[in-house]
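Below you'll find the structure I mean.
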Amino acid sequence: MLKEELLQDALHYGKAFVHMGQTAQYIPELKNVSKYYLGICTIDMDGNVLEAGDTNIPFTIQSISKLVSLILAIRDCGADHLFHDKVGVEPTGDPFNSIVKLETKTRPFNPFINAGAITVASCISGKDSDEKFGRFLDFIRKLCRNEEISLNTAVYESEKQTGDRNRALAYYLKASGILEGDVEECLDFYFKMCSVNVTAHDIAHMSLVLANHGVDPASGEILIEAKSAKAIRALMLTCGMYDGSGEFAMSVGFPAKSGVGGGIAVPLVNHMGIGVFGPALDSKGNSLGGIKMLEYISKRLDYSLF
Amino acid sequence: MLKEELLQDALHYGKAFVHMGQTAQYIPELKNVSKYYLGICTIDMDGNVLEAGDTNIPFTIQSISKLVSLILAIRDCGADHLFHDKVGVEPTGDPFNSIVKLETKTRPFNPFINAGAITVASCISGKDSDEKFGRFLDFIRKLCRNEEISLNTAVYESEKQTGDRNRALAYYLKASGILEGDVEECLDFYFKMCSVNVTAHDIAHMSLVLANHGVDPASGEILIEAKSAKAIRALMLTCGMYDGSGEFAMSVGFPAKSGVGGGIAVPLVNHMGIGVFGPALDSKGNSLGGIKMLEYISKRLDYSLF
Amino acid sequence: MLKEELLQDALHYGKAFVHMGQTAQYIPELKNVSKYYLGICTIDMDGNVLEAGDTNIPFTIQSISKLVSLILAIRDCGADHLFHDKVGVEPTGDPFNSIVKLETKTRPFNPFINAGAITVASCISGKDSDEKFGRFLDFIRKLCRNEEISLNTAVYESEKQTGDRNRALAYYLKASGILEGDVEECLDFYFKMCSVNVTAHDIAHMSLVLANHGVDPASGEILIEAKSAKAIRALMLTCGMYDGSGEFAMSVGFPAKSGVGGGIAVPLVNHMGIGVFGPALDSKGNSLGGIKMLEYISKRLDYSLF
Amino acid sequence: MLKEELLQDALHYGKAFVHMGQTAQYIPELKNVSKYYLGICTIDMDGNVLEAGDTNIPFTIQSISKLVSLILAIRDCGADHLFHDKVGVEPTGDPFNSIVKLETKTRPFNPFINAGAITVASCISGKDSDEKFGRFLDFIRKLCRNEEISLNTAVYESEKQTGDRNRALAYYLKASGILEGDVEECLDFYFKMCSVNVTAHDIAHMSLVLANHGVDPASGEILIEAKSAKAIRALMLTCGMYDGSGEFAMSVGFPAKSGVGGGIAVPLVNHMGIGVFGPALDSKGNSLGGIKMLEYISKRLDYSLF
C-alpha cells in the first residue's frame, strides 16, 4: 500500500535525474522557473491526501488542460460527434505540433496533439473566447475542487505572442472544414486554457475524478460519464505523453497526461489520482523527474496496468 | 466470472458483424477462406479451457508471429540492445507496411509494424533461414504447448511470391545499417514465420504464457522474463492492432496482437490467455468478429484495463 | 515569323480544348466567369502588338502577381538576400499550397509556391499593407504600361475570406522565423496583390519587359536588372506552371507563369512578350486553352527553348 | 564564338573551386579517385573538337546513363507509353534516392531520380540483364561514337554490393505494379549501366547527338527521333541536376545531366555537345568544378537558354 514514506523515496529517486532535464525554453515564464522543483501528491477514494516535495507551487497546466477541455467538449457536444467527425483516437508517431499528417488525413489523429486539442477547443460551447474560458474555469475548479484556480496572465500573454505554430494549425484546420467558428476566438481560448495556474494537489484531484469513473468522491457529483472517463483513461495511455507514450506505457504503465509546465496527471482507476510537478523536461517534453517518480511507484507497488 | 455460456453469447454477438468484413485479399490462400468462421478460446491460470465456435480450425498466424519472434529476439540478444539500437517502442499513425518514416527516422517505430518486425526477425540467432525457422518452430510449439504446429507451405510460397513491399522495407533497412546479415535469408525466415498454422486454442495458450509473466503454468518453465512479458503486454496495448490500436484500447482495453489470418492474441495478466479466430477483417486488417467478441467480454465482465 | 493569322489559328486550336477545363471553383467571382473566354496578345521589341480573341477582358492576375512581387522584392532587398535567406529556387513536386515540406526544410522551395510567394511578399518595403500595395500598384502599372490597373475589390474580399490555407502557411513561416513583420498585414497585401485586374494585353507587356532584359522598350526605363530578369525567366521555366511545369517545358518549352484567374505570362527573350487569358483550367490549375495556344505557336514557329 | 582558349580559361576558373568538393564516398572506387581531375570537351556540328584538361581519363558514367537508357526505352516502347504509364516528367524537390513520394503517387516523378531510372531500365527490351546490357552497350557506343566503351567491373561489383537502397526502390515499384519483369535482372542491368567507363570526349559526343536533334552528324544516323531529343533536353533542364536543377538553370541555363562519377552531359541545340569530367562533387552530388566551368562559358558567351 502507498504510504507517505514511499512518496518520499520516490521523490528522492526522481531528484537524482532532474539535473539532466531542462525547463521549456520557448517563453521566459517557463524558461525561468527553477528546474529543481519536484513534487507529488496522491488522493485516494476516501479523500486521503499524501504529499512529498513541491506540491503547492503553482505552475501552468499547459497540455494537461487538453484533458479538461476534452471532458468539457464531450459534455457539450457528445463523444460520438466529437470522435466521429472531429478528431481521431489513434496515437501518431509525429511530434505534438506536427502539421504534416493534416495534408493527407483531414481529421487530427487524437485530441492530445495540438491540432486535435485546438479542434476540441473549438467544440466547447461559448459565444466567444471569454465565455468559453469562463466555462472552462468553472469546470476545472470543480474537477480540482479548488475555487482559487485562475489564469496566469503573463504566461497567457507570452503564449499568445509566440503561438504562431498553433495559429498555423488552426487556420489549416479551418481551411479543411474541421474547425468551425472564429479561429482567433478559438485560439485565444486555447492560449488561455493552457495558461491556467494549478498545483500538483489540483492535478491529483482532477485525476482522482477520472479514477473514480467521473464522479467527485467528496461531493458525489458526476462530472463526466463513467464511459467517457474510461475512454479518456485509455486515450491517456496511448497518447498522453506525446511521442514518448509507448516508452512510458512500458516503463510505468499508467494512463497519464503531461504538460510542458512540468505537470503530469495520473488516474489509477478505483485507487487514486496522482498529481506531479517537475518542470525539468526530457527531450519529448515530459517531466523527467515526474516520470522517474512514477516509475518508482509503479515498480515498488506493482501498480502498472500491464 | 467467465463461463462458457458467456463465450457463447460473445460468439453470437460477434457473428452479427462478420458479414461486414472480408478476408485478406492479397493471396488466394487467405482470400478463399470462409469469412464466416469465428471462434474464441480462453485458458486460465489453472489450465481450464473454455471454447466457443471454430477454435480448432487451423489458420496462418501472420502478424501474431511478430509476438513470438519478438520474444525470441529478446532472448537471443537482450531487450536493451533490441529496443535501444534496433527498433523503437512508439505507436505510429501510419499503416503497417508504410516506408515513409524510415526516410527521416532510421529505426522502425515499433516491432509490430512490418519494418520493425523484419528488423526483429534479423536479430534472431541462426546461420540461415532454415536454422532461424527451426528455432522459431521449437519455440512457438513450447509457447502454444503444441508439438504439431508447422508451416503452411502454400501460404509461405504465396507470401514469398507477393512479398515485394516487405522486400523493399528490408533492403531499405539494410541500406540504413539497421538490418544486419543476409536480407534474403531474413526475408525467407520472415515469410515462413508468418505462414505457420495455428488454432485459436494455440493462440490462447501463447497468450496465457504472457499473462502468466512469461511462465508456462503447466510446466513451470520460464519462456520469457517477467519484465519482458510486461513490456510486451504494454507494446501490444499501444501498437498491437495496427493503426486501430487507439480505438481498440478505448472500446475493449486489452493488450492484443492481431494478424490478417484472422487471429488475435490477448493476454489478461494473472487471469487468462485468450485466442480468437475470425478471418473477416475490418478496414485496418483486424478480425472484425474477433474485436466484437472481445468488446462483449470486456464490457460484460468489466475486464478492460481502463 | 509571327503574324496575326497564326494567332488566330492558335486561338482556333485552343478553343477546341476549352470545354474540358473548368474555372477556379473556390470563390464565386472566379467560378462564375464564362469558361469560354480565350485570348492571346503578343508585343514585340518594336512595340508591335498582335492580338486574337478576348485580350481586353479584365481578369484577376492571381499567381502571376508572384512575378511582380518577386521583382519588387529583389529591388527592395536584393536577390542575394532573398534567394539565400528567404526562399529557394528549386522546383517541388508538391501542390502549390502544400505545407508538408516546411516541417523539414525551413525555407520554402521557390517563390512561386504559395509559401514562397507569401515570404517574398513579406520582403517588400512598406510600413503596412496599404503602403506595400500602393508600391505594388505603382510598379505593376509601369510593368504593364497601364495606369488604369486597379484592385478588384470583390475578388479581394473573397480571397481574404477564404484564405485560411494561406494564413496557415504564413503563420507557419512566422513560427519558423522565415516571415518577418506582421503576418496579417503581409497576408492582406498578398490577397490584394492577387486580386488586381489585368488583361492579356497587360500581361503581354509585363512579359515583354522580362523578355527585354528588364527594360521597358518604349521608355527605356530599367525596371529590373538584366541579371535578375534572366534568373526569373529560368525560375519560370522550372517552377512557373505549378506541378505541371515539367510537362509544359516538354510540350511548349517557354518560360511562363500562370494564375488561376486564367492568365499566363510568357517572356520570349529578345523576341516578345506574350499574354494569355483563358479561365478554363486543367487539373493543375493552369489555363487549358492557354497552354494549347502556346503549344501551337511553339510548334509552328519552332520557338521552344529546347 | 567558342575557342580553345576560352575552354582553358573556364578550366582555370573551375579549378579554383575543386578543393571545396569531394568525390562520392559510398564505394571505394569512386572515393579513391583524385578529386583534382578536371576536363571539358566540346564537339560542334561540323565535328570540331575542342578540349581542355582531363578529357581522356575514364570515369564511370553513373547517372548520365539514365539519359542513354531513357533514349533506349523510348525506342523500345514508345515515349507515349513510357511517360503516360510508367514515369512522370515533373521535377521533385526530394533527393535522388528518396522513396517517400512513391507511397502516395504510384509513378516515380521523373526518369532521372533513381526510382524513375530503375523503372525506365525495366522497360528496355532484353530477356535478362545480359541481353539488356548488351543492347545498352551497343547503343552507347553509337551515341558516343566509341567502340571501346565497356564495363568497369570493379565499380559494378561495388555498386551491386552497396545497392540496397536501389533494391528497396525496385521492390517497392514492383509491389506497386509499376516495375514489370524480374527485379533482380532489372537491378543487375541498372548497376551495370551505371558502371560503364566513359571520358569527357564520349560524353561530349553523346550530348552532340541530342543537340543535333537525335542525329549523329558524322554518320547521319538517326539515333533518336527529333521530338524525343527535344523532350529529353527539356527534362534535363528541369530535372537533370538532381535537386540542384533550379539553381543550375538560373546560374548556367543549360540542359544538363550529371553523374556522381563527376561527369556532366550538356547538349546545346544546333550548337554543340559538351562533356565535362570533375569528380569533386558539391553537396547535391554534381561536379563542382564542372558546374563552374559551364557557368563561366555560359556567361562569357551568353549561351544560357534564358
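A few notes on this one:
Think of it as A, B, C and D in the order they're written, each chain with its own count starting at 1.
The working rule: a residue touches a chain if its C-beta (ideal position, glycine included) is under 8 Å from a C-beta of that chain, and two chains touch if they have at least 3 such contacts.
Quantities reported herein were computed from a predicted structural model and do not represent experimental measurements.
With contact taken as defined at the outset, there is no chain that touches chain C as well as chain D.
Most remote chain with respect to chain D, judged by CA-atom centres, is A.
Rounded to a whole number, the gap between the C-alpha centres of chain B and chain C is 55 angstrom.
Averaged C-alpha coordinates put the centre of chain A at 32 Å from the centre of chain B. Averaged Cα coordinates give chain A a centre that lies 47 Å from the centre of chain C. The multi-chain contact residues of chain D, meaning those touching 2 or more other chains, do not exist; every residue touches at most one other chain. By the contact rule set out at the top, the touching chain pairs are A-B, A-C, B-D, C-D.
In the complex of the two chains, the chain C residues touching chain A come out as 98-100, 102-103, 164-165, 167-172, 174-175, 183. Of all the residues in chain B, the ones that touch chain A in their complex are 88-94, 101, 105, 109-110, 230-231, 233-235, 237-239, 243-247, 249-250, 253, 255, 269, 304-306.
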